[in-house]
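In the two assemblies presented below, subunit A is common to both, partnered first by subunit B and then by subunit C.
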Partner chain A sequence: MAKRGMQEATFLILTALAGGAQHGYGIIADVEQISEQRVRLKAGTLYAALDRLRDDGLIEVDREEIVDSRLRRYYRLTAGGVSTLGDEAARLGGHVQTALSRLQVNGGMAG
Partner chain B sequence: MTNSNAALERRYRRLLRLYPRSYRDQHGDDMLGLLMSSADSGKSRPGLMETLDLLHGALTVDTRYWWQLRRASEHQSFVVRHPRAVVRIRLAVAAWLTFIAVMLCIGGYWWIALFVAICIGLHLLLASRAATHGWPPTGGPATRG
Partner chain C sequence: MTDSRQKLEQRYRWLLSLYPKTFRETRREEMLSTLLDGSEQGRTRPRADEAVNVVGNALRMQTLHSEIPDRHPFALLMFRAVLAVWIIVATVILFSVGLWVWGLVVLAFFPLNAYLADRIVRRSIRPGRAIRTDRSL
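And now, the complex of A and B:
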């Protein structure tokens, strides 16, 4: 599934849910914090992603609550979502390692 | 609920109508709750970026649902089985092409823009033909075109 690499927004949404079940507003706030205020998801983008992730079986509905007479649906990762996020994190981690080690080599040569 | 609140909610609902019905049944209330709770008090209309984001979301979802339907229906007499989906996707494509045409005009590529405009016309024509081909396909009154 993650052969082509995952979009950053998708990766951040799954990462937010890896910390526990959250509703839309919570995911937006969490993604903003994880990305150090760089990624601010909007409703249209977020729910299009949630709908697709649910179809792909990576997330599922945890529970629904009514707050101030408005619906809040909480989502959580499925087992498939956990392993997909793990694979993607490992893949990105590999890239990061390579980049850092090459920069170190070059830095050593320059210095 | 104040007047500006009611007006804002009405406008958000109107934007959400751009999404497929099954998607709206699934996420509509949740999205509306999020949009309303993150709106500043006294705000009476959605912001420009917010509107563009909802439009973009609707195009993305429409396109994906269309592919799902298309794969499920074995390519046979698709227009007859899912005229509503055909109309939606044609309108979505026309919207994308309009965006591209505007960009081309800004860039001064008039001839290519003209060609794209013809494509837009073709999509709108085919959309209207699909719409008259049996609307709506199954149950429920048609509320929009």
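And now, the complex of A and C:
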């Protein structure tokens, strides 16, 4: 994964899958909920991302189900996906901590 | 399945046919499920934003990752290079004999030739991530 940090959509997709295997629409709905309705992934974007994540070895197919004669393919994180998401979360968490502590220090001056 | 659902499915299916063949074979059915899951009941036409998104992603995949790499990329690239030189030479000759319009017509093919050469480089010589051909996923 890039050292620059991953895109928000990618981060949210991996976060959705961290809760367990999900199919395409399940991921879209979950990402929408995680982001408090701010990010609604479109199908084309989602599948381009899933394709890339699978090639990078971060996710894999969990199982397939046929519901109402429609194919549902479930994805889950690989071990590599778990550690990549963990690293990214730690990195972002570090930034958040820094931002909050600086805001606290400077809060009196700004207010 | 209701009539409107079938119409919607048919239209999405048509949009998805714009994807490269290998991607289509492995992903079309599940993408269709995802698109239909996200559509409200009674809708017969794809949502505009989903349609634009599908077309955009399909075309991007078509340009960036063609599933059939060129067989003789270096020969093709040589051909494009020689053609580029000839376009310039022909343009100079036509300009020098006063055939301005014809000179411009020939010159107009320069960017197309450059684009095609760039495509050869991108899909055969320094390909990006190739689309997986693994059908079992």
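We take it that the second predicted complex is superposed on the first by the 106 of 111 C-alpha atoms of A that agree within 3 Å, B and C clash if a C-alpha of one lies under 4 Å from a C-alpha of the other, contacts with A are read in each partner's own complex, and residues count from 1 in each chain.
Going forward, a contact is a pair of C-beta atoms (placed from the backbone, for glycine too) under 8 Å apart; a residue touches a chain by one contact, two chains touch by 3 or more.
Keep in mind the model is a prediction, meaning the values are calculated, not measured.
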| item | value |
| --- | --- |
| Partner chain(s) touched by A:76 [first = subunit B, second = subunit C, both, neither] | neither |
| Contacts of A:91 with subunit B and subunit C, given as first, second, both or neither | neither |
| First, second, both or neither for A:51, with subunit B first and subunit C second | both |
| Common ground on subunit A, meaning residues reached by subunit C in one complex and by subunit B in the other | 23-25, 28, 42-48, 51-52, 68, 70-73 |
| In the complex, subunit A residues that touch subunit C | 23-25, 28, 42-48, 51-52, 54-55, 61, 68, 70-73 |
| Residues on subunit A engaged by subunit B in the complex (per definition of touch) | 23-25, 28, 42-48, 50-52, 67-68, 70-73 |
| Interface residues, subunit B side, partner subunit A - complex | 23, 26-27, 29-38, 49-50, 53-58, 60-61, 64 |
| Complex interface listing, subunit C residues touching subunit A | 1, 23, 27, 29-38, 49-50, 53-58, 60-61, 129, 131-132, 137 |
